[in-house]
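Look for chain A in each of the two complexes below; its partner is chain B in the first and chain C in the second.
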Partner chain A sequence: MFFSLSVHSYCQTDEYLMKAGFIEKFTRFINWPNDSVQSDTNRPFIITVLGENTFGSSLDEFYLDTKIKNRHVILKYISDFDELSLCHILFVSGNCKNNLEQIIDFSNKHSILTISETKGFAKKGILINFYFEKNKIRFEMNKKAFNISNLEVSHHLFKIAKII
Partner chain B sequence: MNIKRALKSLSIKRKIILLILVVAGLIESLLFTTFMIIRINDYKTDMLNNSVLNTQLIGENVITSLTFEDKTGAFQTISKLGVIKSFSNVVLFNADGEIFSKYPDTLQCNIAPPKGLVAFQTFSGSELIIFEPINYNNENYGSLYVRISTQELSKQINDYVLLMLAIFIVAAILSYFLAVKLQKIISVPIESLTDFTALITETADYSLRIQPSGDDEIGKLYTDFNEMIHKIQQREQENETFKKQLKESEKKYSTLVENLTDGIFIIQNEHIVYANQRICSMMNKTEADIVGSKYLNYFNKKYWKSIEKTLNLINS
Partner chain C sequence: MKAHYIRVILFLVIFLFSKNIIAQNNSSIKKKEILHMSIEDMMNMEVVTASKVKQKIQDVPACTRVITAQDILERGYFTLEEALADLPGFQFRNILGFNTYSFIRGLPSQNNLIIVMIDGIQINELNSGGFYGGGQYNLSNVKRIEVVYGPASALYGTNAVSGIINIITKKPGSDDAGHAGIGYGSFAKLITDFSYDYIDKNNDFGIRLAAMYKQNEKAKLNDENGDYNWTNDMENFEDNLSFDAMVKFKGFTWGTNFQDKKASRTTNYKTIDDKYLDNGTSWNIRFLNSFLQHSYNNNEKWTNQAKIYFRNATVKDNTIGYIIKADSLSEGEQVGYFRPNHLIGIEEQFNYNPFDKLNLIAGLVFELENLSEGFTKSYSNSQFEEPEKPEKPNVINNNLLSFYLQSQYRIFKTTAITAGIRQNISNYYGNILTPRLALVYNKNAFTAKVLYNRAFRAPKPWDYTWGDGNNNLKPERMKSGEIFASYRFAEHFNIEGSIFRNNISDLFVKETIQINDSTELNRWANKDKVTTLGFETGIKYYVDKFQAYINYTNNHSQDKNDQHIAEISDHIANIGLTYKPVSNLIINLRANYLGERKNPKEIETTDSDIIDDLVIFHLAVTYYISGFNIQLITNNLLDSEYYHTSNRPPDRYRQPQRSVFVKMTYTFGRKTK
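Presenting the complex of A and B:
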C-alpha cells in the first residue's frame, strides 16, 4: 500500500513544508539504538542537510515550534561531506551523488537516518527517498539498508512505503 | 385442591411416572437453561472479542494513514472490515476527533468520538457498537467507531435454542419411556400385593401366601403380610374350634335345661329371654307368650320386693 498526497495545487514551499512534516512523522516510527549518542534524550535532535538546500526556509519554519521525540530540533546546513558530524537525520541532496557511498558508510556506522529526494538514491543505500507519482508525494524505503543501519523501524512505516 | 385430589386418586404406577417426569423435567430445564445462558454468553463474548480484535488490527493498520493523512490508504484499510458481512459501518476519526474516513463512503453520520477516548463495547438493539482509540507509542492517532450487526449472533442463538429444545423433547420422551419401564420395579410388587389382598378378601382363603420379590421394604411387607394372614388363619381356626365347642356345650346345656323337672326362665333387664318346657307347662303358656314379658308379672305383687332383693343380692 502506498500513501499519496496530492501536491499539484501546492507551490514548492508547500511541498518542502510537507516534506519537513514527513521527516518529523518518520521519527515517530524509528528508534535509535539504545547505546548510541542519538538516543540520549538530554541532547537536542539534529537534522543535517547536506548539499544544496532545496528546503529553503521550510525546515526552519516547520521546526521553529515543533519538537521531535519531545526534544528541540537543531538544523544544520552543510555543503561538504567533510563537515558532516554526528546527527539523527541526514538529508542528502541530489548534488551529493559523487560521494554517496562515503555518506552512506558514515551514516550506517553512526546510526544516522538518511533521507533524499533523488531517483536511484534509495537503491544505492539511502534509507528513505521521496519521489512523485501522479503529482503526489510518495516515499520508498530500502529495507536491506535499514537492516544494516541498526535503526529500529516500526513495521507500520513499511506498510505505507514502496519497498526497495 | 382439585389437583391434589386428582393426584391422590392416581394409580401408584402413574404417580411414579409423574414423579420421575417432574424430577427429570426440572433437572433437564435447569441444565438446559444453564447451558443456554453459558452458551449465549460464550457466543456474545466470542463475537465481542473477535470484533474488538478485528477493530484493533484495523486500527493498527491505519496508524500510518492517519499520520501521513493518507485518506485513500485509510479507506482501503477500513474497507477490509466491510468484507466481514456483519460489519455494517466503520468510521475512522483522526486525533482531532474529525471524521477521517468511513465505510461505506456514502455513510451519513454525525457521530463524534466520546470524551476521554476510552474504549467501549456495547450491545445495543440488533447491533454491537465498538469504539476503539488508536494509540501508538503512548500517543493517540485517532479512533475507530464500528457498528456490527448481531443478526448472525441472533441466528446462532436461535439455532442453539432450537437444538436445545429438540434435545429437551427427545430427553423428555426418553425420560417417559424410562419412567414407564423403571416404575415397574416399585409398582409391580405393590400391584401384586393389592391383587393378592383383593383375592383374599374375595375368597376369604387365609391359606394363600404371596411370594416375596426381594429383600427390600416391599419384600419385608410381603413377609409381614404373609405373617399377618398366617395369624388371621390361626385365629380363624381357633374361632372355628371355639364355635364348635360352644355349639356342643350349648346343645348339652339346652338338652339338660329342657329335660329338667324344674321350671327355668332367664331374665335380662327384667324381661324373660328364655323359658324351658317345664315352666311353660307349669304356667300353661307357650314359650312365645312368656319370652319378652316381665318376669314379675308371674309373681304375686306382695313378693315382688323380696324377689327383687334376692335377685339383686344374687347379681351383686
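Presenting the complex of A and C:
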C-alpha cells in the first residue's frame, strides 16, 4: 500500500549497499593517470557524494573497513559544487542537474571518475551511470567521455556495460 | 582435573576459531558477500526496489521509527509489545490474558486506534477493529517493524488514528536460507520456530516458509501475588501457532500469514469471592491473511501495483469465554462464544513521476466484508460440562470504496511539500474525507518536518453491540499537528525530537445509564474529547562494538473537563546498550521507565487510584558458534514488582516476575540455483 513510501526508504539500503559494492568493483578495472595526484599510493582514496545523499549510511557501512587499491577510503558528502575538491570518484546525485556541465568539466580536468544514477546523465558526459533492468542493477558507460578523462579503463568493463 | 583443563582448552579453541562466525543476517555478512562476488554476479542479483519511489526515511512525510531483525534477535523479544516497548511514546495495559493493549502518544484504547499490518495487509480483528497483542507474531521471520507515529487515515482510512505498525516479513532470498530454533524457560515458556528459503535467480522464482509454536504461562498471580483475585488453581496461559508463506515469481508475489492463538481468560474477572472459575477458559482466535500482488516497475516514470487480498479473523466456536462456579443453587455453567468474520479486498496503486520534482501516487481500494452482527453464545448446565458449539451469527455485509491521491512536490532542492487526501465511501459508516499536509526540509545532516493530519475511527459491529448496544455511534475524529527534527552530529551520533498536539473528539467511553434502582444500561457512547500535548526526544550512538540509545517522551493527555486521562503517564523513558566484546558475543542490557499514572478506579489493596512508576531491566546475551546462536534472555532482571492499569473487574494487573529463557537457533547456509 502507501507504506511503500517508508518501506522503500529502508529497502534502499540493499540497493545502495550493492551500489557501494559496484563502485569498489569499478576501481578494479580503472587506473588513474600516473602523473595525477590520485595515483599517489600514500594518499587515501576519496569518494565524494555531491548533492542529495541517496546512499543513506550504506557507503559508510561498506567502506568502514574496506580498502580500495589497498588504500583507506575517505567519504565526503557535499551539497554544493563550490565545495568540490580533488577526489578519485565523484558520485553526482540527480539534483545536480543545473550545474552538471561545470561538474563534468571539473572532473575531466582532474581525472575524476564520475558516477550517477540519473537517466540522461551519461549522455551529458558522466562516465558511469547506474540504471535498472528487471530489478537488477545495470550501468552504462560513456566511452567518448572516458577518452577525454584520461582514465585508463579495462575493456572488460566496457564489455559488460551498455555503451553510449 | 586433567579433564577439566581439556574442557577449558577446547572451549577456548572453539571460542577463538568462531570469532568471525557471526549472525548470517548481520549486514556485515552481506557486505562480505558483495566483496567476494564478481561484478557479473552482482549484475545478476535482484535488489529490493519495491516501488521505485526513491524516498529516503528523511523524506517520508511522517515520524517513523524502525525495529530491525537484528534488534529483535539481540534483545530476545518474545511478543510484539516487548519490541514496541523500547520505542518512544508507547505505554501498555497488559491484562496477562487474551490480549495486551498498546497506547501511542497518550491515547488509551482497545487497540482500535492503531493499525497493525503484516506485509501491508491489516491484521486488526475485523469485528472490533482492534489488533491483538501477544506472542502470535513470528518474530524470527520479521525483517523489520516500521512504526509510523500519528494519524494516517489519509493513507489507510479508518482506525489509523494514533499510529501504524507495519511488520515486514523476510522475503525469499533476502535473508538466511532457513533456520531451526528451540527455546525453553521459566513460566513454562517454550518456543520452536523454523524457516525454509529457496531462490532460483535464473527464473526469478523464490519461496520462503516459516512456522512457529510458542507457549507460556504469563506470571505468578495466585493469592497475594495477584491482589487475592485468583486461587492457586488459576491459569493464565497463551499458546500460539503461526505460519508464513511467500512465493515470488517474476512480478507476482503471493503471501499468507496464519495465526492461531489460545489464551486463558481467567484474568478478565476476579474469581476469589466471585462467581467465576479461574481455570478451564480458552479464548481461541484465528487470523488468516492472504494476498496476491503484481508489481510493474520497469518504467522510469511510473510504476503500478495491483493487489487482491483476503482476511479472516474468527473467534472460534470452541472458545470458552467464562465459567460460572457451581453453588448451592446451580451446577454452574460454561459459556461458549463464536464470531466469524472475513473480508476480501482489491487495491490498485499507481505511482507517477512526470518530472524530477513531482511524485504522484493514486490508489483505489474496494473491500467487501462479512462481519458477524455480534457473538453467538452457548451455555452448558454445569461448570464441568462444555457447552454445545454456538450457532452461526447473523452476518452484516459491508462494502467500502476508497480512493486516495498524494502529491509530493520539491519546491527547492532541500524542501518538499506533500498533500494527500483519501475519500472513504462506506455503506456502514458513510462518507469520510481525510486530508494530510506535510513540509519536509533536508539539508546535509539536518531534517525537519511539519505535519498536519486528520484521522477517524469508524464504529465497528463490536462497538454498536457491546453491552446493551448503541446504534447512534458516530466515528471518532482526530486532528493532529507535529513538528519533527533530527540531526546527525557525527557519523555515528544521531539526535531527534518531535513536538505534537492531538485532538480527538467524539471519543467512545463506556457509559452507564441507570434505568431504575435495579437496572442499568452499559454501552459505548460518543462522550469525550481528549487533547494530548507532548514531545519525544531520542539519541542514538553506534560504533563498531558499542551501540546505545536513549529516548524520553512527555505526553500530557486531558479530557474535555481538563482532567488528566487515566492509564496515561506523562513520562516514558527507555535506554539500551549493546556491547560486542568479540565478534561472536553480543550483550544487550535495556531498561524501560514509566511514570506514575491514574488507574480508572480505586485500588482496594492500596486505597488509592494511583499506579506507581516503574523501572524494569532486561538482559540478553547471544553467542554465535558454528552456525548456531545460543541466547540467554532474562526479563525483569531485578524481579521488580510492578503493575499495569485495569479497565476490567480486577483493580490492577501485577506484571510478570523475573523470567529466564534459553534459546538455541541453527541457521542454514544458502543454496541458490
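The definition used in the following text is that the second predicted complex is superposed on the first by the 154 of 164 C-alpha atoms of A that agree within 3 Å, B and C clash if a C-alpha of one lies under 4 Å from a C-alpha of the other, contacts with A are read in each partner's own complex, and residues count from 1 in each chain.
Please note the rule applied: a residue touches a chain if its C-beta (ideal position, glycine included) is under 8 Å from a C-beta of that chain, and two chains touch if they have at least 3 such contacts.
Note that the coordinates shown come from a computational prediction; the quantities given were computed from them, not determined experimentally.
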item: First (chain B), second (chain C), both or neither touched by A:K123; value: neither
item: Partner chain in contact with A:K109 - chain B first, chain C second, else both or neither; value: neither
item: Partner chain in contact with A:L17 - chain B first, chain C second, else both or neither; value: second
item: Touching partner for A:K67 - first (chain B), second (chain C), both, neither; value: neither
item: First (chain B), second (chain C), both or neither touched by A:K143; value: neither
item: Which superposed partner A:K25 touches (first chain B, second chain C, both, neither); value: both
item: Between chain B and chain C, more extensive residue contact with chain A; value: C
item: Footprint overlap on chain A, comparing chain B with chain C; value: 1-5, 22, 25, 28-29, 157, 160
item: Complex contacts: residues of chain C adjacent to chain A; value: 27, 30-31, 34-35, 37, 39-40, 42-57, 59-62, 64, 66, 117, 120, 144, 146, 148, 155-156, 164, 166, 168, 174, 204, 297-298, 300, 305, 307, 347, 349, 351, 356, 361, 363, 404, 406, 413, 442-444, 491, 544
item: Contacting residues of chain B [partner chain A, same complex]; value: 60-61, 63-65, 67-70, 72-73, 76-77, 136-137, 139
item: Chain C-touching residues of chain A, taken from the complex the two chains share; value: 1-15, 17-18, 20-22, 24-25, 28-29, 51-52, 54, 56, 60-62, 64, 66, 77, 79, 94-95, 97, 119, 132-138, 157, 160
item: Chain A residues within the chain B interface of the complex; value: 1-5, 22, 25, 28-29, 154, 156-157, 159-160
